[in-house]
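Here's the structure, in structure tokens; my notes come after.
Order of writing sets the labels: A, B, C, D, E and F. Residues in every chain begin at 1.
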Amino acid sequence: MSGNIVTSSTPALKADVLLEALPYIRRFVGRTVVVKYGGNALAGSSDGDALSLFAQDIVLMHAVGMKPVVVHGGGPQISALMTRLGKVTEFRNGLRVTDAETVDIARMVLVGQVNPQIVAAINVHGPLAVGVSGADAGLIVAAPRDADLGFVGDVTSVNPSIVNRLLNEDLIPVIATIGSDASGQAYNINADTVAGAIAEALGAEKLVYLTDIEGLRRVVSDAASLIRQTTPDELDALMADGTIAGGMIPKVESCVKAVRNGVGRAHILDGRIPHVLLLEVFTDDGIGTMVHGGGE
Amino acid sequence: MSGNIVTSSTPALKADVLLEALPYIRRFVGRTVVVKYGGNALAGSSDGDALSLFAQDIVLMHAVGMKPVVVHGGGPQISALMTRLGKVTEFRNGLRVTDAETVDIARMVLVGQVNPQIVAAINVHGPLAVGVSGADAGLIVAAPRDADLGFVGDVTSVNPSIVNRLLNEDLIPVIATIGSDASGQAYNINADTVAGAIAEALGAEKLVYLTDIEGLRRVVSDAASLIRQTTPDELDALMADGTIAGGMIPKVESCVKAVRNGVGRAHILDGRIPHVLLLEVFTDDGIGTMVHGGGE
Amino acid sequence: MSGNIVTSSTPALKADVLLEALPYIRRFVGRTVVVKYGGNALAGSSDGDALSLFAQDIVLMHAVGMKPVVVHGGGPQISALMTRLGKVTEFRNGLRVTDAETVDIARMVLVGQVNPQIVAAINVHGPLAVGVSGADAGLIVAAPRDADLGFVGDVTSVNPSIVNRLLNEDLIPVIATIGSDASGQAYNINADTVAGAIAEALGAEKLVYLTDIEGLRRVVSDAASLIRQTTPDELDALMADGTIAGGMIPKVESCVKAVRNGVGRAHILDGRIPHVLLLEVFTDDGIGTMVHGGGE
Amino acid sequence: MSGNIVTSSTPALKADVLLEALPYIRRFVGRTVVVKYGGNALAGSSDGDALSLFAQDIVLMHAVGMKPVVVHGGGPQISALMTRLGKVTEFRNGLRVTDAETVDIARMVLVGQVNPQIVAAINVHGPLAVGVSGADAGLIVAAPRDADLGFVGDVTSVNPSIVNRLLNEDLIPVIATIGSDASGQAYNINADTVAGAIAEALGAEKLVYLTDIEGLRRVVSDAASLIRQTTPDELDALMADGTIAGGMIPKVESCVKAVRNGVGRAHILDGRIPHVLLLEVFTDDGIGTMVHGGGE
Amino acid sequence: MSGNIVTSSTPALKADVLLEALPYIRRFVGRTVVVKYGGNALAGSSDGDALSLFAQDIVLMHAVGMKPVVVHGGGPQISALMTRLGKVTEFRNGLRVTDAETVDIARMVLVGQVNPQIVAAINVHGPLAVGVSGADAGLIVAAPRDADLGFVGDVTSVNPSIVNRLLNEDLIPVIATIGSDASGQAYNINADTVAGAIAEALGAEKLVYLTDIEGLRRVVSDAASLIRQTTPDELDALMADGTIAGGMIPKVESCVKAVRNGVGRAHILDGRIPHVLLLEVFTDDGIGTMVHGGGE
Amino acid sequence: MSGNIVTSSTPALKADVLLEALPYIRRFVGRTVVVKYGGNALAGSSDGDALSLFAQDIVLMHAVGMKPVVVHGGGPQISALMTRLGKVTEFRNGLRVTDAETVDIARMVLVGQVNPQIVAAINVHGPLAVGVSGADAGLIVAAPRDADLGFVGDVTSVNPSIVNRLLNEDLIPVIATIGSDASGQAYNINADTVAGAIAEALGAEKLVYLTDIEGLRRVVSDAASLIRQTTPDELDALMADGTIAGGMIPKVESCVKAVRNGVGRAHILDGRIPHVLLLEVFTDDGIGTMVHGGGE
């Protein structure tokens, strides 16, 4: 089922694996887990297999009583459509200048292309997932970051009631990270930041980023310096000294903020490992980098 | 507020209008009204004003306790993007051959462009509307109509539970008419047909089509033959003798089927009249064509 | 329907009036509005028409989701029956000495004559209204004001649970302002005072007095000095300097106290204007005197 | 407490009485008992003592979990006020011709005088009783019996929802037997008949008439022929042969109809015996006449 | 029914007894009453009659809406089985050394012999009682008192949720006073102490000890010094000066602690009086010793 | 954790096992599974390990949302205590003559010894299990099978409401198979039969017997004739021709009756295999004998 070639398990091995999962199932039942699934993961999957494995993990979490919430972006897919439509993007300080047409394209891709793909992959297992846009029922209220950048937005507030309602009905919300302001204008927002804000607003137990790195490192060049467990304070230091930089910043900042504001744990996992989500949640194996409150 | 220049009302006139609305408010409180809003209406609106007036009507219905559900298509918008992307459409027997890329484009436009516009127009009045795709939580299950046409689908079944859940939470569902099969494959489906199927599945009190005609006529060429009230039987006859033809067929067939299967009344209204929905629902004025069960 | 001769509205005018009402409907849905309806209004109505218009307004408020509560007195009706029964009333300091027979007559008139008339006028529109006496389920607990006056009572406490229960069942309570003490003895109580106390106990959004004046004036003799909006502090001053006096005192004192204790707004309206309640609640027209907390 | 001079009980006697009540308490918990309390009982009570004992019984039934409903008339009280007001009554075939003023007086007395007295007597024990008129929330819909009699009404239908709502809130409804038609016109209705109709509509377990006779007799002149238990069929025969006649007819007809339509048992008790209700309900003593379905 | 030979009551006497009970029924409806029933009472009853009378009292309390909870020990029964099994008990400082086999025997007797007898006696009246062990759903968590004594335990904490759940379902919990630790090991615990701890954890209105003495005395040798009412402070003094000693200590300490921690009243009653529980709860007769907070 | 020495799983193997369980988890969530645990299994376990493994399986089923119910007997334990107490058992036609003392001993062992052991083993994982006797709240009503056998009972009826209440509260009922009649007399009943009757009364999805055989065979002497799947009809034939005989009869008869009366599947498993319950429920491996309705 998982697509891997493995030696088949004996009954005793099977029992062991199931019992290894027991304490995690009991700990997380009824708890909300926000998972950020990147557009890269989706784009990099030549045939949808990675998405299918991810969907299995989400469905298993749901089946044992957790409340998974999927948050996604779609940068590569937006760029691809822009190119097809002959739009050229201007950048200022590394941020894309987003005019009205660009934000409409971004919304179209996120809400109309990436989101339905994830919903469909989950719903192969039953009518479980529901696509949600940040504009639905006022979920994500945004404001412009900088007049020169156009419709690039920051999160002003999160009204998670639509997500909570869906969770109460035992559904799996899949959230496209579009924000809107009071006039109904859409904004493009960093999906990593949105995932953290939603985890906070929901009082989630876990916030998980699926990335294309093995985890954070204490020394960038040293694979052996992989950080297994860390705290917001250490991460602040690593960002301050430049060890953590670039595209990891929004993820790590969100982990730090979320854990400081009540989210139980945040994780940076290697989304390239098949079923990494399932292994992290249900087994004793240490995977990727885990951020917890310092007091533990 | 409505954008029309009118002689201002006296208090007595105001009281009369409000009291004229009273019996309709009382009759329809708690009842579901499915409104099909066409892609044409949206496309024809140069500046969004028509959409804004429509949104006001939906919000007023909601405010007095009705449960409006908006169903929409987006044919012109799909064609426009196809053209921009250089896709040429082949037609067979008047139906567009829909390959995998075409259905993905259709989904992207309906779910990611038209739907968010309608949601945004309503949510100017508060966090009321929620976009729903037919693929969410198994809402619209579809099957291919004809192997030669590719991903053109017929409605196999409607599972309205996600819509009912949103209505129970006092939200306004806005439904993009994409269907999906058990494998998660998307299908393009006639939006008029979907609107009727959803009205039936919800046991709606009213099914309303906003069109660009004044209403149905008994004699095509005679504006004076406008049909105010009619029955499924008469409509069957008018379709059989060719009086009703072309693009009106799916609408009229859906009205006939819906009224026969328990929907209270179906209406074909002229969406070009400002606030036509509000006038139909809350005033004694006769507007467009109303279909009711013959026994009344 | 309203009994007024008016130029008939055009559809555009109708739409405008309905949309003018929209923000008020949305603001007040689910909110409690306590309306004091005077015995004078009822007595002055030669043919019940005023009562019928009033009932329409109450039913419209109810239809759009507000929770109206009617509180009434019946001084003229009590006096009329006393006269027919040959009872002569003694006054001390302007207050009627109320012996046991007088309070029984008062109760009989309020609970058995005036209250059923109002209930009947509302229930022409459906089984909506329920008559409530202040003695039901301990609603109004009273104590004697002055031993010399007999059974003239002050409100000791209000137990609004019976009213809340009826409101929760979507019914319209019509309250006769009789109080009772722990022994079951009835007391005659000023209806204006009771209306204010009930509005406070219910946490009402609005308290409305229907009177036979246009509103309060800053200069008694100057119709142009009509007060459109005022605050408890200004009203205190106007009572202190004698501008407000006589029968208006209990109404104004109750407005002041209610607004200071959490009622959103209090209104003194001219009950002689047809549908004045409806105009005040659902239109932008300024009517009568409105009391709000000074901080707005 | 009961006002009787009795030899004081020993502890053992007390235990016996309480345990004798146990099976009745368990049988009737949660069950509805409709008690018709006559205007005669109230009028005959020189000092309210009988009413006070009756109120104790109702409160005890309520305290152990039954759902008592009191229904009352007030013929003697209506006549007394008519006399004081100088109204002369015309009779036709033994029925009072009821003009508009007469029915207003009847309503005023029943709703405004008798009903509050009973409510007050019960509420000495706490905020338990709520007065209800047959016009409240459409409880008793009436139609004229005979055009020549004016506003003498027959019960057209009973809508018990307001009574059920009060019972669900653990309150004790006290019902004045005024009916009303769709226009809001009041009617005077036989209170015995109303009691039976309400018991049926509520699916009551018991219907109890408190009268001023010891019970029904098989031979009118023979006190020893008191009927302890009987069936609808036997009562039909006794009415057919004239053994039961006059004012007992509406009571007996109501008992017969109620038991045939699902009310568990109907009782005709001697309301002159102190605490007769309590003795009937909670003890093994046989009191008055009990009507049950023939099949037992 | 009660098994006593009494002069039969007159109807008036019966009414008096029932009405004497009324205020107590109203005061205690919905309130929890914890009753400690001793193993001695059960053992001393040659033919089960005492248990049967006790069960009647519990069922009557339940029937009128109270929530009785029975807590029992079983010392004599444990000793009897130990003797039959040839086990000899060693005592240290008056406490039985409890090895693993002894605690298993104790659990077997309490849970498997005494508890089912009480449950059965109650369930003669209907499916009301449910046996509960302190090990069920973590009800009583215990820790060893003293390593030398083996499995003699002290109450560490009470988790009353299982008892509350049964009470919410209108059942009568009968609790065997076995505790357990996190490993599942059982402990023998003083039943008097457990009864007090459970009353506290439930926020009971009353805690009642059925004993074989008439009540507490201020002077041990003087029957006339029976204490009718007392306070925690006085009881502290009587324990300090040795007036209260021996087996009464755990009972009195529990009464003192319970009343100080929110239990309304605690009672020490003479369980040898037939229906003593019923007399205490439902009559004005003063029985045994009542402990209340000093402030009354 | 399971106590078995196994080669440790790779992450990929772990993922496979968890995903193999997914469809079973989804199929059985919210479903009731009745598991008969034999006294033999408990008695044969020298150190409680088998019980501990069984408890893990039950807790895992509970953790993923199933509703397990444990039913147990305790024949060997009863015999052991009888021997210690010097009681000699008489047998007639293979059934033990059960006098009053014997049934008291049986109840004491089942309710007070075996039941608490199972409850304790489960509650090591949290406050999940609650011991229930068949006498609690009228769960198992019994009648004597044969006057000569004394208190050997047959199941007259099952009132599962106490079990359903505990399941609704997310607890795990552990049922001792003692029945009782209306007088409270206890009866010893075949535990296999009780398990089937309870599964039927609960409308269970599964009924599982843990035995000390590998499964049923078509030919007694041929291990290769193990029956993997069968139907009630085939089992009737195998009982008729004597292939199935002896102590298996009550189990097989109960399986047949349960499946015919709506229980989804019945299983006869080898309780000697560690975690056999878990392997049967969560893996694709075929274990023991499964009985299903013939129509599949």
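The rule we apply is simple: contacts are C-beta pairs under 8 Å (C-beta built on N, C-alpha and C of every residue); 3 or more make two chains touch, one makes a residue touch a chain.
Predicted, not measured: the structure shown is a model, and the values here were computed from it.
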| item | value |
| --- | --- |
| Chain B to chain F, fewest steps along touching chains | 2 |
| Remotest chain, chain D as reference, centres from CA atoms | A |
| From chain B, the most remote chain by mean C-alpha position | E |
| Distance from chain E to chain C - Cα centre to Cα centre, in angstrom | 57 |
| Whole-Å gap separating chain C and chain D, where each centre is the average of the chain's CA atoms | 35 |
| Shared interface positions of chain B, touching two or more other chains | 126 |
| Touch-based graph of the chains, sorted into line, ring, star, complete or other | ring |
| Going round from chain C, first to chain D: chain order | C, D, E, F, A, B |
| For the chain F and chain A complex, residues of the former touching the latter | 1-2, 4, 6-7, 9-22, 25-26, 29, 56, 59-60, 63-65, 125-126, 273-275, 278-279, 282-283, 285 |
| Residue ranges of chain B touching chain A (in the complex, touch as defined) | 84-85, 104, 107-113, 115-116, 119-121, 123-124, 126-133, 135-139, 159, 161-162, 165-166, 169, 171, 178, 180, 182-186 |
